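Should a chain be cited, it is by its letter among A, B, C, D and E, assigned in written order, with residues numbered from 1 in that chain.
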Amino acid sequence: MGELLRVEHLRKVYEPATEAIGDLSFTMRAGELLCVVGPSGCGKTTLLKCLAGLLRPTGGVVEMHGAPVTGPSPAMAVVFQEYGRSLYPWLTVRGNVELPLRHKRLSRVERARLVADAVEAVGLAHVARSHPWQLSGGMQQRVAIARALAYEPDVLIMDEPFAAVDAQTRADLEDLVRDLHATRGISIVFVTHDVDEAVYLGERVLVLSGAPTRVRADLPVDLPPERDQRSTRALPRFTELRTQVYEQIQRAKRGQNVAP
Amino acid sequence: MRVRKPLLGAAGLLAFLVVWQLLPALGLVDRQYLPYVTDVLGRLVEELRDLAFWRRLGLTMSSWAIGLTIATGAAVVLGTMVGLVPFLRRATHTTVEFLRPIPSVALIPLAVLLFGIQQRAALVIIVYASFWQVFVQMIYGVADVDAVARDTARSFGVTRRERLVYLILPTALPYLMTGVRLAAAVALILAITAEMVIGNPGLGRMIELSRSAGDAVGLYALVVVTGLLGLLVNVFFRFVERRALSWHQSVRGEEVL
Amino acid sequence: MRARLLYPVGLPFLLLVVWALATTSSTNRFFPGPAAILDAFGETWIGPAFVDDVLPSLSRLAIGIVAAIAVGVAAGTLIGLVRWLRELSEPLLEFFRAVPPPVLIPIAMLLLGITDTMKVVVIVSGAVWPILLNTVDGVRATDSVQSETAAAFRLTRWERLRFLVLPAASPRIMTGVRQGLSVALILMVISEMFASSAGLGYRIAYFQRNYLVAEMWSGILLLGLVGVLLAAVFGLVERRVLRWYHGIKEVNRG
Amino acid sequence: GCTDSDATPAVQASGELRQVRVAALPITETAALWGGIKAGLFAKHGLAVEVLPAQGGAQAIPALLNGDIEFAIGQPFGAFRADLQDLGVVLIGNYASSYADGADINAVVASATSGIARPAQLAGRRVSVNSLGAAGDVTIMAAVEKDGGDPTTIKFVEVAFPDVPAQLAAGNIDAAWVPEPFVTQLRGRGDTFVVAPYQATVPGLATLTTLASKKSMDADRELIADFSAAMKETLLWAQDPANEAAVRQAIKDNLELPPPVADSVKLPTFGWEIDRATLETLATLATKYRVLDRQPDFGRLVQQQ
Amino acid sequence: MGELLRVEHLRKVYEPATEAIGDLSFTMRAGELLCVVGPSGCGKTTLLKCLAGLLRPTGGVVEMHGAPVTGPSPAMAVVFQEYGRSLYPWLTVRGNVELPLRHKRLSRVERARLVADAVEAVGLAHVARSHPWQLSGGMQQRVAIARALAYEPDVLIMDEPFAAVDAQTRADLEDLVRDLHATRGISIVFVTHDVDEAVYLGERVLVLSGAPTRVRADLPVDLPPERDQRSTRALPRFTELRTQVYEQIQRAKRGQNVAP
């Protein structure tokens, strides 16, 4: 598979003077599952917004399939960190999930099926007719996830998508994501604060330094592609990797310089 | 970037002036009824050099300012109260809906009866009309407080007064700003209309005089003055708004791609 | 159930009583009592006057309101969304907004004749401003995360309008419409005070000129009632359009 | 440099003057009053008069009744209406009248395209007056009937005098009742003079009269007497051709009229004596055409001073 | 120490027909640190709002110090799950933290010190003058935490307060909470989805069943009161406890009935 994303010397300064991203370079293959971790406030959300074409970088290049990203691409879906605010209170759960499908020339039946499947997958079939403000925090977050799933994107960008759900649901959703990735070959960029999650899900973990952020470490996850909540997490290599990532974050937080 | 906005605005005004000049010039409208812009502006300059004009302008603007201040003050206080207390809101609903649409013009005889042919009569009309603009906005604004934000205040035992100052008024501020801008325009319109109808001295009376004299150029010059006044008022309130609402989406929100 | 009836009529009833008491003790001819006004109301408005004066006025009002909403929301949305347009047109709009409608009537009469169209245009020319301004503000205040969502999912222009911009601005738009309604009613009266020989506004002006004080007050009463009626209809529409919004408010009060 | 068009040489008479407020319409006819004040005729009678512009009886009469003003100068019809409502208003004198013969001060003028040449042809057409249900439409109806037309078919609309030329030209109305200077202006551009309705039906009809409230009549006889004497003198002064220039100067000082118009505008007959007969005729006509539902009580309304 | 909270047969139905809390009874001692876990959407937030006096129960009793709770108590501070919306965009970080202190008759200096300390404690001293919308998600959440800390409450109610912060910061904040509890004796009710966190922090873990929620298990955490991120988590008893809690949640999700 070819190169999907290329980020080179990316830099983003929020006016007047907050340097969120210092100088960031990495590439990502098509079909890869890349996890991004880093200290709070280091610039992960900012990076995702630049990748998704929602924010114009101050400097550097973001390329997708070799062409510079100038705006949101139709092949991409995003799950926002601020899940609550990304749902439209005037639409029901179903309406929110269906909304992005409207311009996807699908038959009515097809569309209904996609929506129903996605809502089912996140375990919200029983509240499909409720409005978002009638749901709990975790349920709202799952609506946002369902919306992205139903959209059937080629690239899925997720910003701490499981922050507000319980351990069991989280495990189920993690497996759902792995499954999507494996069967449909979707490329996924996944931001998380949970180091175990990053290692369990990712094929590669990108550790970012504190703001202004740089790449602090780029660790390939050499676990078998067939993963399982029990056995994979019990592997010694898993523990090794998670310790490695954890230490990198800790150093990033302490602001140590990146080894060249 | 700073200069872009006024430049564009000026371009809009200029385009309008050009269209105006062309209408009579191409004979689409008789110039007796729609005189050339150039003539009107010429007259305007003449007026601007006349002290009497400024005196009348002063009279009109002082009724405007006094009326607007009273109306805004009263509406903010009453609107906040009515908006916050469900009992008051429900009890006053029909009365408000009844009083609000009563044309201020129809109240002029009443005002004259109470206050005579004086500035105070005009003030009553101005206050009455502009009060409702702010009042309604205040009620809506006060009701728009975010649930989580409100619960936060409640759970920290924030006092009533602080809640008002730090939560309710900031939430209602964007609404209030719109309300005051609307009210400022309405107050100006009524200051002038009242002078036209009641006949106390000011810009309105000048308009009525040029109208009855069939002096189209003078009439349009004065209409332009009223328009310009409205513009100045808006520039002023926009400035205040940018100051007061720097945190608000509509002010900071221009960055999204 | 009792409270539901008590709230809308309680305060008006109280005011009516105060008024009646005040007028029995005073002999001011310009403040007739409620009974006199009610008498005049029956004599003046119930009968052919309703068809000749009131109905045409109300239909002009209705057309004017619909047109003002259409123009105000359409233009407001466009201006709110397109920054350069806003910057281009803002001074111009402010300019026109400040021109008193009575001054515009002769010009409107010239261009459109002494017709119903002229009166409707006068109504629209005033009622459109609160709607337009509120729409602009509402559109501009759309939540940033919500618009980013729309952008990320590549909603088309039309979908964005239909599912994001208009619903998000709808509470503000409804505030504007509510204010526009009363302005429209006022302008209906003013437009009939010029170049007219029938209509509710004309009648009121006529009574006023002829010191038919009770009749004049009955006209004002009728206007007030029309206002209440408009507000009631508006309330119904608003509850439908803003069901989600009231839903949230409801939950918050819980 | 700057100008100040308000700055008129102050003619403040010294001494103890009684303040009097008079409401008058801002029209050329009021020139007699302004001129008389400037000429010091009121100061001579111990009065300092302030003229308040009122837009018509609807504004002036409430102010008169609540004591905000002492006198008002207005059309007799306003006084009729007020009397019918028992408001306690009295006519203490005349002010201006139309001409019994010769060119009158107001007329019905038809647009050239309407083809109207005589009063009877107004039947079934759109005719404008400045205010419905007043002397204008009553006398026009009488004139049409006199000429053999059906007055009930005329469609009257209200159009303010200054708007008439444009509306006539645009074809929105067929004919209009206008005072000077509009009569001259319209005829000058080719519109047709149809009739002078006052002259045709009630020659010499009063156009403006002086009003006071019944209450002040009873309470302050001295003021009424002083003011009446001053008014009488003023109107005589204004009627004197020798003072015409001063009267026209008063127009220029107080109204924003272009000087050529102010110099050429036709002035009415000024006079203090009320012609009660013409007023009664007018009221009779008004009752006939159902503009009024009964006759005012002239015995109490007219109190010539 | 005496009884702080008593909840008996608590029931909450959202109109028209969502039964969030079925029948809930438990008590809490003063000075206790109680962790609440349960499946997403089971009614944890609803429970907290009832405890805080922000929501009127449909049935049952909530008592604090023996008196029924009818409204928010001044001795209580709440960190809301929807941290973003609980911050006021028109105030700066400092202003937000300072707001609840205004009516606490403190000297200006004292107040400034409290604010500075709290902001420092959550690691946000460098952005004290920024507005909340200029901050990242995790930073916003920490502002909400700082606000509750500065308030110095007797009872602290926290609804998934660390959902949006990175692993390292989370560990630091966990220790901060333990420390507050230990040194100042604050009573804390802590909702979390992280089972490890619940066991590490709590003296007792309350496991709730799916909606309509009941108490599914009430497990005392018999770990030594002196805890430490490394050694405590390495204890065999810790692993035992976390497995226990995890299984309870899993069963709760599967909707099995509570053993009487």
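Following the convention adopted for this analysis, contacts are C-beta pairs under 8 Å (C-beta built on N, C-alpha and C of every residue); 3 or more make two chains touch, one makes a residue touch a chain.
Keep in mind that this is a model prediction, so the values were computed, not measured.
Note on connectivity: the fewest chain-to-chain touch steps from chain A to chain C number 1. Between C-D and B-C, more C-beta contact pairs join the chains of B-C. In this assembly, the C-alpha centroid of chain A lies 27 Å from the C-alpha centroid of chain E.
For the pair chain C and chain E, the distance between C-alpha centroids works out to 49 Å.
With centres set at the average Cα position, the gap from chain A to chain D is 84 Å. Multi-chain contact residues of chain C (touching two or more other chains) are listed as 30, 106, 110, 143-144, 148, 151, 208, 248, 251.
The set of chain B residues that touch two or more partner chains comprises 33, 109, 113, 147, 196, 211, 248, 256-257.
For chain E, the set of residues that touch two or more other chains comprises 14, 82, 85, 133. Of all residues in chain D, those touching chain B in their complex are 1-7, 23, 26-27, 52-55, 58-59, 62-63, 65-66, 68-69, 160-162, 165-166, 169, 181-182, 185, 255-258, 261. Against chain A, the residues of chain E that register as touching in their complex are 14, 18, 37-45, 81-82, 84-85, 134-139, 142, 160, 163-170, 193-195, 246, 249-250, 253. Across the complex, chain C meets chain A through its residues 143, 145-146, 148-149, 151-156, 159, 163-164, 167-168, 170, 244-245, 247-248, 251. Listed in rising order, the residues of chain E touching chain B in the complex are 49, 52-54, 71-74, 76-78, 80, 82, 85-91, 99-100, 102-103, 131, 133, 147, 151, 157.
Those residues of chain B that touch chain D in the shared complex are 30, 32-33, 49-53, 55, 108-109, 112-118, 196-200, 205-206, 208-215, 218.
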